[in-house]
Each structure stands twice: as structure tokens, then as C-alpha cells.
Amino acid sequence: MSTPVAVAIEEDEQANAMPTRHRGRTFALRLLSLGVVFGLWWLLTALKIWSPLILPAPSAVWRAFVQSVTTDGPRRGLAGYYLWEHLWASLQRILKGVGYAIIVGPLLGLALASFRWVRIVVEPWVGFLRALPPLGYFSLLIIWFGIDDTSKIWLLFLAAFPPITIATIVGVERVRTDRLNGARSLGASRLQVIRHITLPSALPDVLTGIRVAFGFAWTTIVAAETANGIPGIGGLAWATKKENRTDVAILCVIVIGITAVLIDAVLQRLEHRLVPWKHHA
Amino acid sequence: MSTPVAVAIEEDEQANAMPTRHRGRTFALRLLSLGVVFGLWWLLTALKIWSPLILPAPSAVWRAFVQSVTTDGPRRGLAGYYLWEHLWASLQRILKGVGYAIIVGPLLGLALASFRWVRIVVEPWVGFLRALPPLGYFSLLIIWFGIDDTSKIWLLFLAAFPPITIATIVGVERVRTDRLNGARSLGASRLQVIRHITLPSALPDVLTGIRVAFGFAWTTIVAAETANGIPGIGGLAWATKKENRTDVAILCVIVIGITAVLIDAVLQRLEHRLVPWKHHA
Amino acid sequence: MNEANDAAKVAGASGSGHPLRLRALSHTYRTERGATHAVGPIDLEVAPGEFLSLLGPSGCGKTTLLQILAGFVHPSDGSVMLGDQPVSAPAADRGVVFQQSSALLPWRSVRQNVELGLQLAGANKAARRTRADAELARVGLTDFADRPVYELSGGMQQRVQIARVLANDPELLLMDEPFGALDAMTREHLQGELRHLWRTTGRTMVLITHSVEEAVALGSRVLVMSPRPGRIVFDQPSPFANSDRPLSVMLDDPDFHEECRRVRSAIEH
Amino acid sequence: MNEANDAAKVAGASGSGHPLRLRALSHTYRTERGATHAVGPIDLEVAPGEFLSLLGPSGCGKTTLLQILAGFVHPSDGSVMLGDQPVSAPAADRGVVFQQSSALLPWRSVRQNVELGLQLAGANKAARRTRADAELARVGLTDFADRPVYELSGGMQQRVQIARVLANDPELLLMDEPFGALDAMTREHLQGELRHLWRTTGRTMVLITHSVEEAVALGSRVLVMSPRPGRIVFDQPSPFANSDRPLSVMLDDPDFHEECRRVRSAIEH
Amino acid sequence: GSDSDGGGSAANPTTIRIGYQIIPNGDLIVKNKGWLEEAFGKDVKIEWSLFDSGGSVNEAIVAGALDIGLAGSSPVSRGISQGITYQVPWIHDVIGKAESLVAKEGIATIADLKGKTVATPFASTAHFSLLAALADAGVAEADVNVIDAEPADIYAAWQRGDIDAAYVWNPNLAKMIAEGGTVLITSADLAAKGKTTYDLSVVTNDFASKYPAAVQTWVAQQDRAVALINDNPDDAAASLAVEMSITAEEAKAQLGDLVFVSAKDQAGADYLGGGLAANLFAAAKFNVEQGKIDAVKDEAEYTKAVNATFAAAVK
């Protein structure tokens, strides 16, 4: 209630509340910080402190980028595919893996937070699963789901659902008692309480969980694409890393990072649309 | 305020509130679920659907375990170290990596949530960083920090701090306006508000972030220990996986999972101690 | 739960319902910092259709008692029966107006908040809206029907709560200082509405209030609780509940003043 | 901020302070659902040491006005000056008792909550404790000093808030229905304390209340606001602020009643 | 070995940092028997770091974290082409039947692989051999679906029938043959056609020029291991079994699939004396043709990077 000084900053950031002047300045500042990082990178490579095999110059990465989007004789893009084909292949896998996690995570979290026995039995397994290194059990997924996309999507799903589940549990536990009691004395059944009170109340937490999950999924993409990962941006990074083509590996890392930042921006925008009442929860 | 029915479940789970009868039943249920999973595992291997190279029998993993804690002629444990030496080496790396993240994550999150310009400049980079696949940039860390523990600890740190930072930002944004305003009109300076209001208010979120970070650090341990990772439980898993000693790889995965569950239990207990007011925030 | 609700709806208009019985009711909060004996022992019988006013010093256990009646808190001792059913969980037959308005849902508009109970019971859209708009008009918030609740003032939020509970037509109405945050005029208006509701529907009502005048003017029976642990130290019928005069006019009646003075002295001793 | 605070502490006892000046003050909330002109325009001058009672219908903008005076909300138009300083942010010279008690800190005990302001100003432990215990005694919560605040009843939490602000000794005291959740006896006791405080320290006070009696009995000047957008429609000195009689005794004074009636009619028109 | 004590070329470094891999050859025997520690005495610290691939060893050497490392001829050829300043003083083994192209029943020749899926770990010697085998059989790489996967994952995919063939090494190779796979070609066959692959040792130029005596000692111990393998394979297998966490029988079988060459022979024209440099240069050219690397250096660079003097000096 009110527009107090203390949260003024935050409200400014809401896209539709931000005056154009601010947006312009934000953009300029970000560009500047990008410039500084690039400049530092260029400087580090120009000084030749380290071999270009470890930290290639921006120009080398740029050349790799050009290669990745062009055809030259027998070479078509990199590893036989154009950069966007690699990216799109990975993106599809991530969207599917995280997509399933977005369905399963909240449901599981809800079940864990709502039913004592489910929690006692299942929670340790979730805790167990969420700590397992993908590189340690990927072969099992391959034998179960094949070397094609299914096993990769499973791996991404397994990486993505635990943060969503945990966030949901935290969100559910945070729901105000008054709200639950109020609904029950309006006649809500247990399921109705979950649908009308618990779920919407936990929504901001679930959305945060989804943001974290997307980040995790991206960090897992290389592991998921170590087997039959071409086309795939992670598979490309892996294959070229093994060949010590650091320029391509860095190109991949940059593309992955930028894509992830863009997805996160979309998610944050979605959050503003879905839970405008977040600060009044 | 009060002990309403709706949260009775949850309060039951608090260790000090749980009657012994319940604890016994909890234990029995968990043992049962463990038994079911083991039974399934045993059945799957007894049916010999897949080669033991992919899913070794429980007995094979048990033999690997015995090997890992015994010396037999020239063989000392596995890969020259006993199981606990591997585990302890990894644990130390994780504790250090996550430890630094516990210092940096909340501070950075606080800075990001409190200062508009910091946020505009730094947040995209955090978003960038948290999506980067460790396998994609580990070589850079090796060149910068060497092949020994430092680069591994950096990798674990880089994996652990983003979830803590994000959780802190979310926690800070959630602080009630009344609380901030109240403190300011009691004379709190900006720093005092952060110290006395913002930080404690965000503490439950920060702790959740730390739990997520620990889990994530464990998933990264194999990647961190692909180079010069012996002794180390992830290094052992990776080296033996390459040799198709799946029994050892699965042993490592189980040890990692159990350790992670135990650490998480300690963290949850800590949470109960540190923020008993969590449900009244 | 739904059966009870339907039964209440049928029985409601005729003024009948179920008697409320409290037997050796007592509650102690146990926390790490030790135990707080908040309320009881209390023995009490409330006939269907009574309007109970409950007074008592701050912290004497009024809210605790109300939460036990609502089914939110399990008493550590004794029992509560509504008719021949023990009260052990919240249900639609007992509506609650909370002391604070944190029970409202910020993702719903004011109207949607008021519609909640009807929606839960499966009423159709048109019926919900008609009923909600009627209740919103009753509490004077027609203009704010489409606003989210967090854009309302404290008193307005309190009125949304009242409308929400009234729309649900419970057999027993439990109110924890519902008019505490309201200005005199709005308050008097809502007091009138409440009294009208009570007279026409014959619902049983329990009203916690800090205003002796309000307690005496509205309640058909006035109860006063002792300081913590709260017990009933005063329990008398009030003759003014059936009067048609608004509170401001009653203030001129010496009988009314005399009654208020008696209640006040019960609180102070 | 600290200087102002210290200055206030010295100046306080002598009854001096800074005048408060509102010029063409007005505020409109802008949200996605459109604009709500909540309050104003208001022109007002408050001399140091005045006790302002503020009345008005629910939703007329009282809380908004108080939040502007506190520095929480930037008015969309006009200005507020305390002495020759514009009010633009919260500071220790203006203490605030909120309408709801959500400003208390659940991780601190009752005493630690009351000590907060002193701790922020760097007072030592012993001094803090002495002062906090004195304020807790004033509001009758000595027994609960070591409890966490969420184990207290609604009215008790409200009293913690009052103690917390009083311990900080602000030059200007802004109170949003501080006694709303209190029973008559506790309320009367705290009214007496507040009046005593005002008399002995000469602090400037602004009290939002829904009780016309309280407004007339405590305020040296009574203001009534119109329905939204709130403007000042009644502004008169009240002679009862300097009386020593408690509210319950004043109720027997016909002059007092007459005054209340005048204020009430201002609200109703 | 970065520590310089006195700078005299005869002096030993205070530490020698060695990157090893789990491959059944002399390096693991030297490690297991502690021969280096024995030969250098207490004043020199030997640091063993385990690596998972030649690519990682290349990285660590560029990072200055290693003095001596083990890598396959493919990564070494790539490393020289990319300008890593190291040299090959020793050949750990010549890959024989240890790496082979194995196919499902019904695929009898390499030409039958057209339109089929073949897996191999990219950037490995096996990858190189696969491409060489395809080129040799006149099968265009584009006509075969060549996919990248780690050996363990290849075996998993093989079991499911997701792939039709794979170029891999032991122990997966042996498993796949035992489960009915047909060997289409082995690295030994390819060696006969001039496409030999090796497991090589590399030492940084810095280290080699600063501490030639140390490298000499190191090579001598490697030769001792080769002698042990050839003369007393049971003893050698016992050491390998410990290092590789497998049984002695398995270790012995794996040894049989590799070729171990003594120092004397290594110094000859077939190996360090000329053959290897030509092989590395040819591999680089092949890699450029295949689009795996950008450019080839002068043949002289490859010659310079192979150093037969240490092997020749072993008594």
C-alpha cells in the first residue's frame, strides 16, 4: 500500500513504469559495461600474457563466428551445421526438458508440502537426485532412453525439476495461515484450498524456481550433448574443446550466455505480468 | 499467530515437536522406501536385461565399496586412495567453493537489490555467468588458477554463488514496506536498514539459496574433477566411468547423493534454529 | 461440510439452527519460551439465533476463543459442539471476519474476493456476481469492485472481509473486531446492516469488540472475559438488541448508559 | 538526521520545536487500473506543540496524508516543510505508529523491538534496556518483554509499536489509529499516558482516530477530512486537551457532548 | 619443474609435474612401481595428475601446469599445428588391435556403413582412424552418420541398437566383440597402410632444454617398463591391474593389443628417427582436409617436435 521511497527503485524497474529517459540511460550503461569487458578481453589478449590457445583474441572468436554462419567449399558452418542450427537444436531440448519440469516440479512440490507421508518417503530421493552429477549417470539414461534426444531431454529435466520443486515447497510453506483458514471457513475443501489459495500464493516462488531451473538447464547442456550432441551448441562446444579450438568453445559459451540472459529477461517480464501483486503477497 | 490445523502437518515435522512415535514411523517409512528402490534395482539386474557394465548389480557395487575401503597387496582403496579420502577431498573443495559463495552471494545480491546502477550494470553479467556450462570454461580457470585445487574451488564457487545471489535479491524485494519505513522513521540510515531489517528479513530466502547452491555444487563436482581430480569422489567417478567400472561410478554417485542429503538435512536443521520466525515473516 | 452448509441455508431464514456448546474449554499455547495459558476453563451454551457480544482486556484470549470456535485451533482441553457435531475443523457453516485483513487474496479483485465462497460452493457466474455486488453495495464499496484489494485503505479492506463472509451466509458468524478500523459513520451504517441481517435471518452471531456501547447495543447477550487466562466473568442478556434506534441516538437513553456502566464495571473488576 | 534527533531531544522538554507547513498538498495514486485522487489539496500550518486529531470517513486519505508527513510517500503535488526543511524522506524526528503492526520485527523479542530506535542511535546497552523497560511498563507489557512479537495478541502488538516509537522520543509523533485494537480500559490508560507525554514534553502530535470522543478529548485542535479526495472541512481548537479528567468521566460533561456533536455533524456533511 | 635451482643444465628440478592417463602402457607401470621416485631420489618431487584425454593434457601444458604428459598422436599432431611448444621424446605404445572399428551383424565391409550410424569419441586417435578407414575405403564422411560420444555411452547405445558401428578401444571394444560385433578394421591394419596411431609422451620445450638429464632419466625408466612388459608380462599386468582397477588377466589381455617398442628401436628411422614426424605431419594434413583444424605448419615444425636423442642415449 503506497509508493514508499524504499521501494521506489524497484518500481522504477517495472517496464511499463519506466520513463523513456531511464530506459535510454539503462541501455547506455549496459552498453558501457559491455564495452569495458570487451576492452579488457582485447587488452588481455593483445598483451599476449597467455597463449591464444587459452584465451583467444576477440578477433579470433569473431572469425569463428563468421565461419559458423557461412559455407566455404566443403565446410558448412561449424561441424556441418550453421550456428543457429546448433542453437535451435539445443534450445528445443532445453524447452522440452524444462517444460516437463515446469509441469512436474510444482505438482511434486505441492504434494511434498501438502502430504506428510509423501514428503517423508519422497523428499530424501529428491534431495538425492538433485545432487547427482549428470556426468555420473548419463550412460544409464542412454541405455534407457537411447542416444538421441530423449536421453538429453531427460537429463535436462532431471536438472531442472529439483529447483522448481524446492521453490514450490518453500512457497507453499510461506502461505499465510489466515489466508488458508479464511478459505476453509468459506467452505473450501482441501483441494480447493490448494487450487485457490496455495498455488496462487506460491506462484512467485515457483516462478523464481523456474528462472533458476532454466539457468541450471543451460549449465547442463554441454554434459547432455557429450553424446551425439551435434547439432547442438553444447555438443559443438564439447567437440571443439576436445580439439583445443578455444575460439569456437568461447563463441559457444558467449552464445549460450546471451541466450540465457534473454530467456531470463522474458521470464522476468512474465513474472511482472503474472504476479503484479508480488509485493503485497 | 496460533497453531491452526492447516499448518499442523508442517509443525509436526519440526524435530523438537515431533513425538517419538512419529519419528519411529518416519524412520520405518524411509527404510521401506529404501528397501523398495533396492529391490527394484536388484530385480532389474537379476533379470539381466542390460549388461552389468551399464547397470551393475547391488552386489557388484557392494564389492566395489569393500575394495574402496580395504587394502589388498599393492591395491590401496581405489585409485590409490580410500573412499573416505576421496570423499573428504571433494568435501573440502565444496565447502570452500560454497563457503566463498556464502560470503559473496548475499553481499552481491544485496548490492544488486539495493543500488539501481549496480543492478543495471552487473545483473546481466550474473545472468550470463549462471548459465555457463562449467565444461565450457573450465580450461580458462585452469590457465588462470592452475591445475590444483584453486581452479576447482573457483568452478564450484562460480556454480554456487548465482543461486544465492538470486535468492537474496528475491528475499530483499519481498521485505515488507512497513518494516523498512518503520525503521527509517526510527532513524535508521540506509546501511542500518540493510543490516537490521533487510538482511534478517531476507535470511530465510538466503538460506534456501544456500541449500540450492550446495546441491548444485555437488552436481558440478565431476566436471570440476575431470582434470587432476584424484583424490576426489567426482574424479574417481569420472576416471572409472571412462574405464567402464560402472560399479565404482555408481558407488560414487550413491556416496555423493547420500552426502548431499546429509548436508541438506544439516542445513534444514540450521534453518529451523536460525529462523524460527520464518512462518511469521 | 457442504451438507451442513446447505442445511444451514434452509434453516437459516426460519431463525433456527444448532446450539453451540462449550464444555470445560481451555487453551494453552506451548512454545520454546514456555507455556501461556491463554483462555479458560469456559463453559457456555449459546442458543441458535443468539447475538453474543464478547468484551475483555487486551490479550485475555478473545481471539483465541474465536479461533477455537472457527476450528482453526484445537483447544488443549475441553470440547466445542455445534449441534451434535464436535467442532474440529473450519467449515462453511462458520464464517469468520479476522482481526487483520491479511486473509484477503491480493491476486483477486475486490469483487472476486467477495465471490470466493460462492465460487467454492459451485454457484454459477451470474449468481455469484449478483450476490457479490449486493454485498459490496451493503458495505459501500461498489465503486471499488474491480480494484485489487491492496489498493484499498485499511478500513475498506475490513469491509471487503465483511462482505466476503456475508455473501457466504454462514450459520454462525464469528467476528473479531470487524468495525475496529472504521470511522464512526461507516461503522454505524454497518452496525445497522448487521443488526438487520441478524433479525431477518436469525443467524447466531459472535462479535468481539472493544466498544462497550457497541456490545450493549448490538448483542442480545453480553459476555465479559477476565484478564488472561480469560474466563467468563459477566454474562447477561441485553434488551437493546431489538431496538431500532441507531447507536448515536441510543447514547441519549439513560437506561442504555446505565447498562453500559454495569458492563464497564465488570471489565474493570 | 541524528542532529535533528538530538536537537529535538534537547528542545523537547521546553515545548519548542518546528512548525509544520503543508502547501497545496495533494496526492494521486496511479496504477494500471487508473488514477485515484486520494487526498488534497490541503493547506495547513501546525505550530510546535500542537496536538492534532484527524477524523474522516474510511478511505478519505488519512493514512495517505500521514505517510506523506512521515516521508514514506512523495506527494504528487504541493510541499511539506518541517521548520525550514522540506520533508522528503523518513527520519528519526518523525515517529510513526502504523495502522497495522506488520512493521514489528519477528526475529526480535518485544524488548528488542522497543530498543530498536535507541540502538540505531548508538545508545549503550544499559541505557537502551532501562528506557525500553520503562516504555514497556507504560504500555503494560513488562511480563512479555522476552517474548517474540508473534506470540502476542493483536492489541498487545499495537502496544509494542507505541512503546517502540515513544522510546525514540521523536519531535513529531504520527499515529494511525494506535488505539483501534485496544479494549476500553487499556485504551483509556494509554490515552492518559499520551496526554501526559504531550503535556510534559510539548511534542507535536498527529493522531488519526475513528473515535470522535477520543479526538475531542485528546486533541488541542480537531480536524475533519471530507470523503475522498480528502480535504480539511473542519478545523477548530478543542478546549478539553488540557483537562485532567479521563475520557470516561468527560462523557458526563454536556459541554464535551456538545463539542462531539458538532464534530460529528462536520463528518456527516 | 619451473623451479630453477642454479640453472645448470645438469641439475634436476625440485618437482616434476606429470600428466598421465589410464592406458595400459609403461607409464602406469613406472607410476605403480615408483621407479621415478626411486631414480630421482628424495630431492625431486614427482607430481602425478590424472587426465581424461589428450585434449585436456594439451590444455594443461598450455596453462603451464605440466612438464610431461601423455597424449595420443591425434591431439599431439593438433597441438603442434596449433603451436604448442612441446616435443615428443618417447612413444608409449603403437596402437594395434586395441582400437578397432566394430560393427553389428550384417555389416561386413566398410562400404556397408553408408547410411549407417557410427560412433567414436571425437578428437581421439580412434576418431582419426575412423576417418582414415572411411577415406581408405572410398566412403565419403557425409554418407555416414558419424556421431560423437564417450566410450561408455557408445557401449550403452550399442546395447540398445542405436548405433550400427563404433571405432573404440578397450574395455568396451572387447565387450562389443564378445556380444557379436564384427571387426571391420583395426588400427594395426591402418598402421600397415601408413595411418599409424600412437600414444605419445610430450615434454615442454622449456623443461627439455632446462633439464635434459631429468628427461633422460625419465626415458630410461620408460624403457625399463617396456622391457618388463615384453619380458615379464605377468608382473607388468599386476601393476596395471592396480592402477586401472581391473583384474590382472584383463590387464594382460589389453597389453597384447598394443605394440611396445624399446628405446633402441624407437631411435630408429621408423619411429622417433623420422617416421613419427612424417606421421604427425600427414595426420595434420589429413585433419585440414577433414576440416578439423585450420592450417598445417611447415613439415620442419613437426620434425623439430620429435626428439630422438633421449631414446638414442638410453643404454
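Read from first to last, the chains carry the letters A, B, C, D and E; within each, the first residue is number 1.
Just so it is clear, a residue touches a chain if its C-beta (ideal position, glycine included) is under 8 Å from a C-beta of that chain, and two chains touch if they have at least 3 such contacts.
Remember, predicted model here, so these are calculated numbers, not experimental data.
Asker: Starting from the Cα centroid of chain D, hunt down the chain whose centroid lies farthest away.
Answerer: Relative to chain D, the chain whose C-alpha centre sits farthest away is E.
Asker: Of every pair of chains, which is linked by the largest number of C-beta contacts?
Answerer: Most contacting pair of chains: A-B.
Asker: Distance from the CA centroid of chain B to that of chain C, rounded to the nearest Å?
Answerer: 48
Asker: Give, as an integer number of Å, the spacing between the C-alpha centres of chain E and chain D.
Answerer: For chain D versus chain E, the centre distance works out to 83 Å.
Asker: I need the residues of chain B touching at least two other chains; which ones are they?
Answerer: Those would be 1-2, 4-6, 50, 54, 139, 143, 177, 181, 184, 226, 238, 241, 246, 276, 281.
Asker: If you look at chain C, which of its residues touch at least two other chains?
Answerer: Chain C, residues with two or more chain partners: 29, 63, 67, 71-72, 89-90, 100, 148, 151, 153.
Asker: Of all residues in chain E, which are in touch with two or more distinct other chains?
Answerer: 59, 62-63, 150, 152, 155-156, 159
Asker: Can you tell me which positions in chain E touch chain B when the two form their complex?
Answerer: Within the complex, chain E touches chain B at residues 17, 19, 22, 32, 49-52, 56, 59-60, 62-66, 150-152, 155-156, 159, 171-172, 175, 179, 238-239, 241-242, 244-246.
Asker: Going by the contact rule set out above, which residues of chain E touch chain A in the complex?
Answerer: Residue list for chain E touching chain A: 53, 55, 58-59, 62-63, 75, 78-79, 82-84, 119, 121-124, 147-150, 152-157, 159-160, 162-163, 291-293.
Asker: Along chain D, where are the residues that touch chain B in the complex?
Answerer: 1-2, 5, 67, 70-72, 89-92, 94-96, 98, 100, 102-107, 116-117, 119-121, 148, 150-153, 164-165, 168, 170
Asker: For the complex, which residues does chain A have touching chain B?
Answerer: Per the stated touch rule, the residues are 1-2, 4-7, 9-10, 12-13, 26, 29-30, 32-33, 37, 50, 54-55, 113-117, 119-122, 124-125, 127-137, 139-140, 143, 159, 162-163, 166-167, 170, 173-174, 177, 180-181, 184, 193, 208, 211-212, 214-216, 218-223, 226, 234, 237-238, 241, 246, 249, 252-253, 256-261, 264, 278-279, 281.
Asker: Mind listing the chain A positions that touch chain E in their complex?
Answerer: Where chain A meets chain E, its residues are 51, 53-54, 74-75, 138-140, 142-143, 146-148, 226-230, 235, 238-239, 241-245.
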